[in-house]
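Each of the next two complexes has chain A plus one more chain, namely chain B in the first and chain C in the second.
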Partner chain A sequence: MIKKFDKKDEESGSGSNPFQHLEKSAVLQEARIFNETPINPRKCLHILTKIIYLLNQGEHFGTTEATEAFFAMTRLFQSNDQTLRRMCYLTIKEMANISEDVIIVTSSLTKDMTGKEDVYRGPAIRALCRITDTTMLQAIERYMKQAIVDKVPSVSSSALVSSLHMVKMSFDVVKRWVNEAQEAASSDNIMVQYHALGLLYHLRKNDRLAVTKMLNKFTKSGLKSPFAYCMMIRIASKLLEETEGGHDSPLFDFIESCLRNKHEMVVYEAASAIVHMPKCTARELAPAVSVLQLFCSSPKAALRYAAVRTLNKVAMKHPSAVTACNLDLENLITDSNRSIATLAITTLLKTGSESSVDRLMKQISSFVSEISDEFKVVVVQAISALCQKYPRKHGVMMNFLSNMLRDDGGFEYKRAIVDCIISIIEDNLETKETGLAHLCEFIEDCEHTVLATKILHLLGKEGPRTPTPSKYIRFIFNRVVLESEAVRAAAISALAKFGAQNDDLLPSVLVLMQRCMMDSDDEVRDRATFYVNVLLQKQKALNAGYILNGLSVSVPGLERSLHQYTLEPSEKGFDMKTVPLATAPITEQKTEITPVATSKLPEKLSPSRQVIYQEQLAAIPEFQGLGPLFKSSEPVQLTEAETEYVVRCIKHTFANHMIFQFDCTNTLNDQLLQRVMVQMEPSEAYEVLHYVPAASLYYSQPGSCYCLVRLPEDDPTAVSCTFSCTMKYLVRDCDPNTGEPDDDGYDDEYVLEDLEVTVADHIQKVLKPNFGAAWEEVGDEFEKEETFALATVRTLEEAVNNIISFLGMQPCERSDKVPESKNSHVLFLAGVFRGGHDVLVRSRLALADGVTMQVTVRSSDENVVDVILASVG
Partner chain B sequence: MSAMAVTQMGWVYGRCTRANHKASTALNTTMPTLGTGWDEPSLYTVKAVLIMDNDGERLYAKYYDDTYPTVKEQKAFEKNIFNKTHRTDSEIALLEGLTVVYKSNIDLYFYVIGSSHENELMLMSVLNCLFDSLSQMLRKNVEKRALLENMEGLFLAVDEIVDGGVILESDPQQVVHRVALRGDDVPLTEQTVTQVLQSAKEQIKWSLLR
Partner chain C sequence: MGLFDKLTSWLGLKKKEVNVLCLGLDNSGKTTIINQLKPSNAQAQDIVPTIGFSIEKFKSSGLSFTVFDMSGQGRYRNLWEHYYKDGHAIIYVIDSGDKLRMVVAKDELDTLLNHPDIKHRRIPILFFANKMDLRDALSAVTVSQLLCLENIKDKPWHICASDAVKGEGLQEGVEWLQDQIRAMKT
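And now, the complex of A and B:
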């Protein structure tokens, strides 16, 4: 082969590649040599190597040419050259999916796998299983069973691994080899043992009892292979998680004992398993953390990385457990592997004190450009967490973030930074201007439409209320000039918000907007035209309703309602009030996430739970004609956790009715409950109209029964009521094993806890992004004001939380956050009352001995104002 | 007028909530990995084995699952890996949500890739086994030229180390033994040179003794 390298090749560079200019067609032409007799093994070997090389480079082979080459290759089985034969096996595996009729080599492979040459047997088994299907598998079953228990490790391993690959395809056949696998599991060879264990687990994983038995057996007898130990640890931790067994179980003891194994791989696997266990206490973590601490000073980079990555995870939940390692982590922040250094720093940021923040940030900014995006996201998340912990450090952080924002980076990374800046702005009012300035600078050169629109939306929301709103106009209008349609449209909306709130800017905004009325995109044009006309009216209420506070209906709900409306045309206009309201987005989504950003899974838009409930209820004939579902409450538990029957209630509110949905679960395996209903006794003038019982409740299968109640019409202020609830049902005893019930049963009842309906059940939360505008829009026609003294409440925060949970309304303008060390606070709440009346509450709180509260309520309906005030008092 | 307002505002609203929604679902998709910690215990450890030269060109690439189903995606991934790793000699990195362990020698870069939940030391044992096996087969001469002259040895060795993503063997001695390239099939210049030297020495020895 060396001869093929002529002088020219050598001169062209030391790394010259004999395969560099291979032509597929030329190689296939050469493959004709396979048909020559006698076979020249050396030449043929070289050509096979070329073919595999081409396949490996991703070259595409057509079915015909592949089949042709494959058939020529089969002739090479006549040669007894070892390497050539082995390359034939490889070619078979590589071509199994491209060539046709690969099964013609079955008999040759079967001969090799049962032959005398040990070198052939293992690879032959693997090649054979690659081309075999379920029906043919049965033909070679006998040989496979023999091979699994063969005394040659390579043969046994090959058979076991191939069986594992085939479990997916022919589970039933492979299942019959359990005994052979069992025998192989006690082999002396470490790899055979590992493979046998893996196969056994895959065959038995649905049978928890069998898995437990297997674990018990091997934990007692001990294993030779570190790989097998790792596998066992994973199985044990999965089992622990499923059974939610306490940490005193033998499984946990096994994992802990592995911390003392002589192989680092096993020790790390055990430590990592313990760290990942949900509900692990600090005491249980301690031994795992101390082995990880030892690994931190290992000379092996992989081990340091593994250790610090795991410690980073510990720090998310139990920062105090990691403090002991701070010194070791400090040594790692200058590690030459930047991943390790980053993880060490972010861990320290979580565990360290406020004083070390500056130093760590300085260190990390020295190499932030060298690390991969994944780790940059980790850094940003750590900073985000830090800002919440040490609000005073936001100056350093903001600087750092803006520098990161200027660097190159992918979308995930930029989004993490933008989200982090936005959350800082929202938490700290003083940072608002610097934060907005950084973001403005960012959108000047931002290729991500999603981020640009998000920032523009934020600018529109926050910009007009800063001391100098005019400076943002330039940035926004630049977007109109330079960007794509979606960004232009978002910029127009943001501009309109400036015009609506700043009278002195209004003329200039109008001029800018009028220029956009000739835009090439119709969405941009339409928006500009619409906003210009609204702004020209110069009415506060119009501005508030159409520019500052958008629609509060849920968009999928609106789509659904409009579709329904077009299906059944009617004389009446479409009524916006029939559209279900959007439930306020959950703002607290700051959860720690692993540095894994594999969002490759398709993102599904799951229907909201309200839509699901609406469909469920609409399917019940008794509940027709109630109108659209207004609100569904969170489930309320009506029983203790560990009782015979578990009942929880969801309150569905309609315009004039309520439906109580009782989700009942029968936890007794010797009973079948039938005709289950919950009888309700109201304390007020509520009228129970109808019960819908659940037909039968089998053991541990939840079922629902319903109760329909009419709300009192003559007294609209009667919003709260207490129901005493009793579950009534027919019991039929049954055999716990078979579930076969007795023929006859007896009536029984079970007293549940009382169910409260409060004012919160009648109000849906609605977020008004601009509360002031909404306040003006509703007007003071039905305004009422009253002052209360809350004697039992000690802090402003407590008072705020009490009011929010009591009224069930949405806090606006982040007024639910009470700044520290202040004696007074204003809380803004918004919501929609049953029937579609907007209701707004402004509550001024002052802290003296107790908390004094002045409540001002505005609504479009007088009754609603009375209801709110009456229920507060 | 008002009907238009409805559609307009709906669109505005839709846009900004969709952005939020995306953010939250992205969080959700990554959350389960936090809570449950592990995927199903399995022997499938290795996602890919790669060997590249010092220009980042693929010399060998074997992908064991469909994380990167097309050649185009594979090449893009390889490019990313190479750019992130070829300047630093630091053994391990996290890229595109995957753990990458690597090693370089003269003009070759060896990579073993696994899930980010995988035991890093297991991946390391595969990498070491691959490197040590090749080192033995190439008589310590692990460089591009020698490797390319022994491609069939490389193909067979990887086939003995990893099968369909399962670690088949981790002991380089065993791998070399199983690949069983015949001595004369290792046409290394070094070998011939040493042989020549050896015989020359013999001859000198004999001539001196005479």
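And now, the complex of A and C:
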């Protein structure tokens, strides 16, 4: 039957799949043939293949039908046909989780595993371990131990690998097989030795001391298997990383000695391990790099590839170390394998001097059309890095990038180029005009909606501030005429920004926008109508609030709040201040926010961390009526990392209250803690209202207890406070093995580190894309200004970072990056203070002897201004 | 069946194949009996409790037997029924030294006999009153009375006392079974 299929297959020639149109029910019907005697191995084999094929295609088998098919299959153990038997093993493994009572084959498998047929033994062990659970494992333990030390390598390897899988399930049983594994580790067979080492490591990986001992033992006795050596190198480098051991440790010596191993695999592994170590000095790097250099001229393409890829990575951190290989890398540029050539060039771009850039760029452009998109992205990334290193070369790069932009390529590739151009523009003001011009040209013929909207957003942000904004209007309006809804909507938003910032363009922008008010798409029409009306008001504050700086609330949060509002209608209007603010993600450097209303969002926004907290807290009755959650801090550790109890605290800020959430973990397996609470003693006029204890804390299962604190109302400037914390609980000793606690316990307490509440806990970060407009919007009603001298700070960068982390506000307009070799800088910070008041801080920094700082604060509330100034001083 | 198979069976060279289920409570000696019936070079040295089932083969003078040696432990007994359809004959083993669980053995037997796959078939059942070497072992007659074997009217059955460790009484039982199967087939 199979033969017939083969023939038909060959005739059709197209390699069509004989299993293409299988019906599950038909196959299961056919499986009845298993019940016939005598067994026809060929037919059965074919049906088993069909079943396995279906399973692997993701076909769902119900428990009943799977069990029926499985039991029918068990009858095939009658046959002595080797192929059929091995197919049975495969089927058992595939069906182990979907059929019931799979343990029925246990005896049949143990018989095969201890039998005389070596072909059966390995596969039988693997199948057996798939169907065995912890309770049954003891029954086969004896056989497993024997199999591990079996003299047939395939049997021993199978047993070792299966044991490794069993470790996850029943660690304690497998742990007893260490002696056998130890014996297997001295086997002559390279695979057995490798697998044994793997098992030994996984049994001990939680015990650093034991791992170290094991490594010592094997480094002394030496191993035969190159695979095992690679594994040892990985273990050793992981251990080095964990212990932060210096490079004089014996582990490092071992890795270095592997550089002289006779197997290329081991040598490469060692070199790669050294290269990837953090804090590696140039001297330690040198031998690894020279080994990689040697590989660069190897006749094996795989080795050349591995070497140049690793060198490429080193070049990021230690360009000087790789310089020695430049000559070899130059030779690889003309390598027939394009992947190798690309990596060689990009490495050279990182290590080469400024003068060689032009030559290399020319070389890449000669074959850039021949390499795959994936490597084109690598090239673009290299160029991006290069631009940061040699800003003066931007002319060449920009030209090159625009050429690449014109070529064909997939989305990822185009996106990398666009990102690269955008980052060049942001880092280097001179390039802004050329960069924007290239991007404008690109969107004239761009099939990727995401990229088009992104570029339009950028044009809206940057365009109005260029000397001749009018020249971008044409490009933008072309989009309105020609493109899909999402792009049209983005174009409208960009146009509105021009109108808001350039008074002389306003009349023409209005004319253009009025045309769009007839658009066929709702979103486009709505936006146009909205913007036209806002612009017609000609008020700076409105422009700033609704056009230049968008909503600062989190979108899922807004959705929830609105939903809630519609469920419980009230007389009052909907208050935007009750909506949680958008948090951190926008701070990432590279990501630009695409306009929110591209008609479909790429994926559903997952509820933020804050929303999760809000729901958790709302579920506790004591915390009702506190209003919406304003901000949740990052967890603060209140204990050392490796103590009896691990406690970390998350500070949740509400309009007038704070909740401290203590996540406690009990790391003692002989104790059960009950009624756990953290007692807090405030240093200021903070009032502790309520404690919510955690009922019981089992070994290694984290639990939370809470403390509710009222913020002082009469003194709104008291924002910082120190709490001394003590954890109190009832201890009940228990049996470490069963977890059964004693009947009676005793009270105990544990002193935690002090918890600080600072001004940053009261302020939520908000990104204002256009700080100037926001600054005008808030107005100077409550403006205050003060000058400070920061004597201890040495650089502007340090000062900027200190201020940002102290105030916990969002730097705007990329003012957090201090240009090099300047001695003055302006930092713009934006945030929202608890209670929903916008706060803006402008701080001018000057570097003299230390840093002098002039801080100007604006807010919609006077108290807030005072709080900020008081806390800075 | 291929042409060659037909030819050999017609010539009587190839032995007829029959499937036999071996049932009974745990520790009654099922695996030991099957082990004894196997050719001496294929016999296992030590017998461990069966988990699930195992398939064994042996030949008698005229037939080739494939035995489904089922596990007798309580939690696996409900798996027996998956194989009832396959059996051409049943071997039911009783530990004649275990008076206490004789009722359990009877219970399992009744369930077996009333199962739809068995009830209406004229399937031969061979009982082994095993472990007769034990001093306080019940005789085959007592066992048959305790199990109410006389009530089985529609199936041929036979009970014989056996000692699986020494192999006594086994051959007699197998010969009876062989005759029954021959009679049924012709």
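Observations
The working rule: the second predicted complex is superposed on the first by the 502 of 873 C-alpha atoms of A that agree within 3 Å, B and C clash if a C-alpha of one lies under 4 Å from a C-alpha of the other, contacts with A are read in each partner's own complex, and residues count from 1 in each chain.
Just so it is clear, a contact is a pair of C-beta atoms (placed from the backbone, for glycine too) under 8 Å apart; a residue touches a chain by one contact, two chains touch by 3 or more.
These figures come from a predicted structure and were not determined experimentally.
After overlaying the two complexes on the shared chain, residue contacts for A:567 are found with neither chain B nor chain C. In the superposition on chain A, A:104 makes contact with chain C only, not with chain B. Of the two partner chains placed by the overlay, neither chain B nor chain C lies in contact with A:848. Touched residues of chain A were counted for both chain B and chain C, and B has more of them. Shared contact residues on chain A (touching chain B in one structure, chain C in the other): none found. Residues 1, 4-6, 8-17, 19-27, 29-31, 33-38, 40-43, 53-54, 58-62, 71, 74-75, 84, 88-97, 101, 107, 116, 119-125, 144-145, 148-149, 151-152, 155-156, 159-160, 163-164, 166-170, 174, 178-182, 185, 187, 189 of chain B are the ones that touch chain A when the two sit in their complex. Across the complex, chain A meets chain C through its residues 35, 37-38, 71, 74-75, 77-78, 101, 103-108, 110-111, 136, 139.
Residues 1, 17, 19, 50-55, 57, 66, 69, 71, 76, 79, 82-83, 85-86 of chain C are the ones that touch chain A when the two sit in their complex. Within the complex formed with chain B, the residues of chain A that make contact are 1-2, 14-19, 45, 48-49, 52-53, 56-58, 82-83, 86-87, 90, 93, 119, 122-123, 126, 153-154, 157-158, 161-162, 164-165, 191, 194-195, 198-199, 201-202, 205, 227, 230-231, 234-235, 237-238, 241, 264-265, 268-269, 272-273, 276-278, 300-303, 305-306, 336-340, 370, 372, 374-375, 415, 419, 450, 453-454, 457, 486, 489-490, 493, 523, 526-527, 530, 533-534, 546, 550-551, 555, 558, 576, 582, 585-586, 589, 591-599, 601, 603-605.
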